[in-house]
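Please see the structure below; I have some questions.
The chains carry the letters A, B, C and D, assigned in the order they are written, with residues numbered from 1 in each.
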Amino acid sequence: MGESTAVLVEKKHRTLGLSDEQVLGMYRDMLLARKLDERTWLLNRAGKVPFVLSCQGQEAAQVGAAYALDKEKDYLCPYYRDAGVVLVFGMTARELMLNSFARAEDPNSGGRQMPGHFGGKKYRILSGSSPVTTQVPHAVGLALAGRMEGKDFVSFVSFGEGSSNQGDFHEGANFAGVHKLPVIFFCENNRYAISVPYSKQVACESIADRAQGYGFPGVSVDGSDILEVYRVTKEAADRARRGEGPTLIEARCFRFSPHSSDDDDRSYRPEGEVEEDKQYDPLRLFNRYLKEVEVLTDKLEQEIHDSVAKIVDDATEYAENAAPPQPEDTLKHVYAETGRDGKWQ
Amino acid sequence: MGESTAVLVEKKHRTLGLSDEQVLGMYRDMLLARKLDERTWLLNRAGKVPFVLSCQGQEAAQVGAAYALDKEKDYLCPYYRDAGVVLVFGMTARELMLNSFARAEDPNSGGRQMPGHFGGKKYRILSGSSPVTTQVPHAVGLALAGRMEGKDFVSFVSFGEGSSNQGDFHEGANFAGVHKLPVIFFCENNRYAISVPYSKQVACESIADRAQGYGFPGVSVDGSDILEVYRVTKEAADRARRGEGPTLIEARCFRFSPHSSDDDDRSYRPEGEVEEDKQYDPLRLFNRYLKEVEVLTDKLEQEIHDSVAKIVDDATEYAENAAPPQPEDTLKHVYAETGRDGKWQ
Amino acid sequence: MAVISYIEAINQALREEMDRDQKVFILGEDVGLKGGVFKTTEGLYDRFGSERVLDTPLAESAIVGVGIGAAAYGFKPVAEIQFADFIMPAVNQIVSEAAKMRYRSNGDWNCPMVVRAPYGGGVHGGPYHSQCIEAMFCNVPGLKVVAPSTPYDMKGLLKSSIRDDDPVLFLEHKRCYRLIKGDVPEKDYIVPIGKADVKREGEDITVISFGLTLHFALQAAERLAKDGYSAHILDLRTLYPLDKEAILEAARKTGKVLIVHEDNKEGGIGGEVAAMIAEECLFELDAPIKRLGAPDVPAGPFNGVMEKFYMLNPDKIYEAMRELADF
Amino acid sequence: MAVISYIEAINQALREEMDRDQKVFILGEDVGLKGGVFKTTEGLYDRFGSERVLDTPLAESAIVGVGIGAAAYGFKPVAEIQFADFIMPAVNQIVSEAAKMRYRSNGDWNCPMVVRAPYGGGVHGGPYHSQCIEAMFCNVPGLKVVAPSTPYDMKGLLKSSIRDDDPVLFLEHKRCYRLIKGDVPEKDYIVPIGKADVKREGEDITVISFGLTLHFALQAAERLAKDGYSAHILDLRTLYPLDKEAILEAARKTGKVLIVHEDNKEGGIGGEVAAMIAEECLFELDAPIKRLGAPDVPAGPFNGVMEKFYMLNPDKIYEAMRELADF
């Protein structure tokens, strides 16, 4: 029976059209996200990195969703935990570490924003801010722009479940629904908004229930199951590209870390909860799957882990030694500096 | 068969626990709302009243809902078309006309606000403003206050379907859902937001669909059928008073007038649409029902119409002759004038 | 040159810019089929279609937020807020997002969008269709705030704003829409953002204003001229960042300054104008820097008697000008 | 008297007012079980329960809007905005609703609520956890804006604000939370809203400030004293409406005025302060009215080097004070 399960499970990624190389890539990206994250906590405790926002527990949701998109043309409006998403779209470990160290070379903001505030035109990642959920209408605007240009890209926006209670979620989703725009609304529901548990945030069973009010499908998916996340996101992307409009996806995740490096979650999380949640550690689950289907051998696993460790070391060293911005850089980029006709000088 | 229908129908208001007197009162209030409204348009065209916002076509929804509430204790956050709601709660024709003429004595705002911006502490009507949907969280706050005091009143808030697309609708409804507060969210869906038709405002079939995202029931009702509106609102009020939380009601209405006296709807409404909609004139439908069940006789009808006409004349005359505010009144009521401890002087 | 109204200038600027650049599009409530509640977008829906003149759901934060996304992509959205009073739900998108997009991304992304908003009183609009909202936005680096007073400036500044690479809050005084008329060239021209303009040369006192009150001041200046005093009148045109050089030059010109705006006096942008002068050319002044604004109560009671009391008019401005001239 | 911190003063004021008046309650994000992200509400959840210390959904417009409804009913809500930067989604509820409730209802309804918001930089917060937001609200009749600098004022002003019959935007400088300590009486007292306070008597120059920069100015004054100059320092405490009388008196006292605030210079509230002086006592001045604020770029780059460049500090303030003293 172990055999047949393995075969059944094996069918899973192949059925989804994912090659062995691809799932290994997914595994590697999850692992890289996790390991970079763990490193930033160490750096934070060592006083080298002033702030950390974690992706731990949400890597399957992030990497699974990102793999379902087209890295060559789709647009992202990620949120602060989405290291897993931006890594898949090409942001390098060095770039993420430059971001954590707030170095001049950081492509996200040149050290201007807190870590986790992603952005990069070359990756089609729209710069994000701290006030939650503002990115939702932006994603709708990107999709609208694509539609007006006759492009077939999809616009992907992610946010926490707490953030889905902001007006901007409602207004953005409704706009996309009315205009049937190619947007994927991706909610990473880790059941906490800082200290506030799900039951004090929303009264519906699933954030996906909200889609009905906007006239498009809502899907809830196990966010620890990377292949399921891939599957539903791929379906949403296909729908969107076919011109059938938006989808709301809720990925049910866990938050393994405190909200941020400034938070102490012991005051509000039941003892033992995190440990229990870690049963569903997406990394471990995917590792197990890949071994069961014999795509990941012990040797390969070792190689991947070694290579990821090297990448993390290299990124840390590179970023730590990179130059900070110049003080006067503070004055740059408030407005465009060179003019076109009629422009500010 | 005509007979038996009548009997069946007759059962309707009785089944709902409404006496003949009550339904006649409802008819009278609908008629009064309609007639006052018609008069203000005449006054507007005559240059006497600078602005009109109409309730025509929505009277059944308004009066039906208001009758289902407890006039002695429930709180209202109505919107600008809700003459029918506030009349039931005790606002007089004179007061409404004082509002239209912007007189000093106007209890809503002393001539400070445009007509249709209702408010009156004595009626438990919280003062409303022009930016749409801001009243939704207010109603939730009133309900929260009642809950904290152990009161059993219900808080009723109404708004157009266009306004249900504002963030404040979402945030307010979600808050009420989480805290299971006694709020009735009452959407008067007249299928237009000024010139924008329903299809360009929302993509869901009914505004009531949105309730699912907040974990409470959503009901769509024929807003031209006053008894149905009464029924569903009564149910919602009972639920709320039993501590079972909010309800979202969509009343499907028609807008018989242009958006306001500043609007010309011929540029955007299909020709003949209003005429067709008038088949469902709630006043006519209720009149027919009351006659079918023989509660309204021709004689009674005449009496009611005469008395309403008199009330409208009296209100008009009274308000027209009432004093305007003093210019310097402009400076009053920015802050409290007399201090308590620690207060602004 | 043709004489057109302030509102016609808006309509022309929009049409010409949309003809000129396929990336320009309009979004807002009732801007399409209806042509806007004031008719500023009249005829554009027919000419450019429902995609480029987009009737949106009733949701200001989304109107601006969706515009930001499209602008970041490379479009040039012109978002209409139906009344400036209703911009409040969009403050987060304007201040936190549009204005900071370039800065926070270290110049990687930008947000070339215009947010048009009809502001001001004198139209029986009550407290929510009368407000001046500029002060709220004239402290937001990354944003530009423009408020033209004449059809010529309107057309030229709206074009500049649409062509600008950064977000512009574009304020139109709704009382001026049909009241103010003026010469406008037939051919394409622009008026640069960031430059104030002397609307009347004079020697005795300097009046600094913009919008409706600028016209009132011009009228008052005529009356003052009969008293034998000549007023120098500067139209700010851009409210943020202010044209400091022009302000100081105008102040120095006469040494007596009166700042006039329709907004409440305390916290109105007149404070910044006065402060610039008091910081940079205090000793060139011959009189205290005077400001005239609305009383510090919420803008615009609906009742006509109260509205008149609240609003400035040429007489009230004349009194203040005369007093300063006599000083 | 006991020496307590600025943040302790907040916590005490909240606790005492909640003890004193059953109608006072707190609502906001993470204010309950967690005791607030800064711990301002620590211990209150245990003492008063989940209903009077309400953890809300993540939705600022609802936090304020629900508060307004409860305040209109007769409660005294104290709404917490987690960081002042996140007040933007609630601007409509604050400006259109809370501030205008009394006026628009002709005095029939009112809105006695407090909106607390931690503002200011110097905490490695980046562009969205560092902003000064007062300028946006200091032009809104019906609203009061309070920003204490010391534990004594904090406790007394928070009590006054909670007892006030009108809405108060209550600004707490988050860098001061644990940095600033001071004497606070054991027994109940209040500090009146609307009154500025002389924090240091002096003869040579007048410095007008509030918040963190007030403390920097006090430090700079010590250094300046060694140069032989004495600085008179006024703490605004209430930012809207301003205490004009106290401002003019302080300006007259020395004839040389420096206004200092952490916010961007252009459009900051220093403009209004300077304008009041330039309008009312220009000829009593011996020097131009100087202002010192942040450069006109979005507040608070995250990187420490840039943040330091952006923020004022005692040295920068000393330089400006010395220059004015030498004038």
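Simple rule for what comes next: a contact is a pair of C-beta atoms (placed from the backbone, for glycine too) under 8 Å apart; a residue touches a chain by one contact, two chains touch by 3 or more.
Values in this document were obtained by computation on a predicted structure and should not be read as measured data.
*Asks:* A-D or B-D: which has the larger count of contacting C-beta pairs?
*Replies:* B-D
*Asks:* Taking CA centroids for every chain, report which one is farthest away from subunit A.
*Replies:* B
*Asks:* Please work out the Cα centroid separation of subunit A and subunit D, and write it as a whole number of Å.
*Replies:* Subunit A and subunit D have C-alpha centres separated by 37 Å.
*Asks:* How far is the middle of subunit A from the middle of subunit B, if each middle is the mean of its Cα atoms, in Å?
*Replies:* Taking the average C-alpha coordinate of subunit A and of subunit B, the gap between them is 45 Å.
*Asks:* With chain centres taken as the means of their Cα atoms, state the distance from subunit C to subunit D in Å.
*Replies:* 30
*Asks:* How many Å are there between the centre of subunit B and the centre of subunit D, using C-alpha atoms for each centre?
*Replies:* Their C-alpha centroids are separated by 41 Å.
*Asks:* At least two other chains touched by the same residue of subunit C: list those residues.
*Replies:* Counting only residues that touch two or more other chains, subunit C contributes 56-57, 59, 61-62, 85, 88-89, 92, 96, 100, 103-104, 127-128, 141-142, 296-298.
*Asks:* If a residue has to touch 2 or more other chains to count, which residues of subunit B qualify?
*Replies:* 109, 111-113, 117, 129, 131, 165-168, 171, 174, 178, 200-202, 334 - these are the residues of subunit B that touch more than one other chain.
*Asks:* Using the touch definition from the top, list the residues of subunit A that touch subunit D in their complex.
*Replies:* 50-51, 102-103, 109, 111-114, 117, 129-132, 162-163, 165-168, 193-196, 200-202, 262-263, 267-268, 324-331, 334
*Asks:* Subunit A touches which residues of subunit D in the complex?
*Replies:* The contact residues of subunit D facing subunit A are 29-30, 32-35, 37, 55-62, 85-86, 88-89, 124-129, 295-298, 301-306, 308-310.
*Asks:* Residues of subunit A touching subunit C in their complex?
*Replies:* Residue positions touching the partner: 75, 77, 106-113, 117, 119-121, 126-127, 129, 131, 134, 136-146, 148, 155, 167-168, 170-172, 174-175, 178, 332-336, 340-345.
*Asks:* Which stretch or stretches of subunit C touch subunit A in the complex?
*Replies:* Of all residues in subunit C, those touching subunit A are 25, 51-52, 56-57, 59, 61-62, 64-75, 77, 89, 92-93, 96-97, 100-110, 141-142, 144, 159-160, 163-166, 190, 192-194.
*Asks:* Give every residue of subunit D touching subunit C within the complex, in rising order.
*Replies:* 61, 85, 88-89, 91-92, 95-96, 99-100, 103-104, 127-128, 135-136, 138-142, 240-242, 263-264, 266-283, 285, 287-291, 296-298
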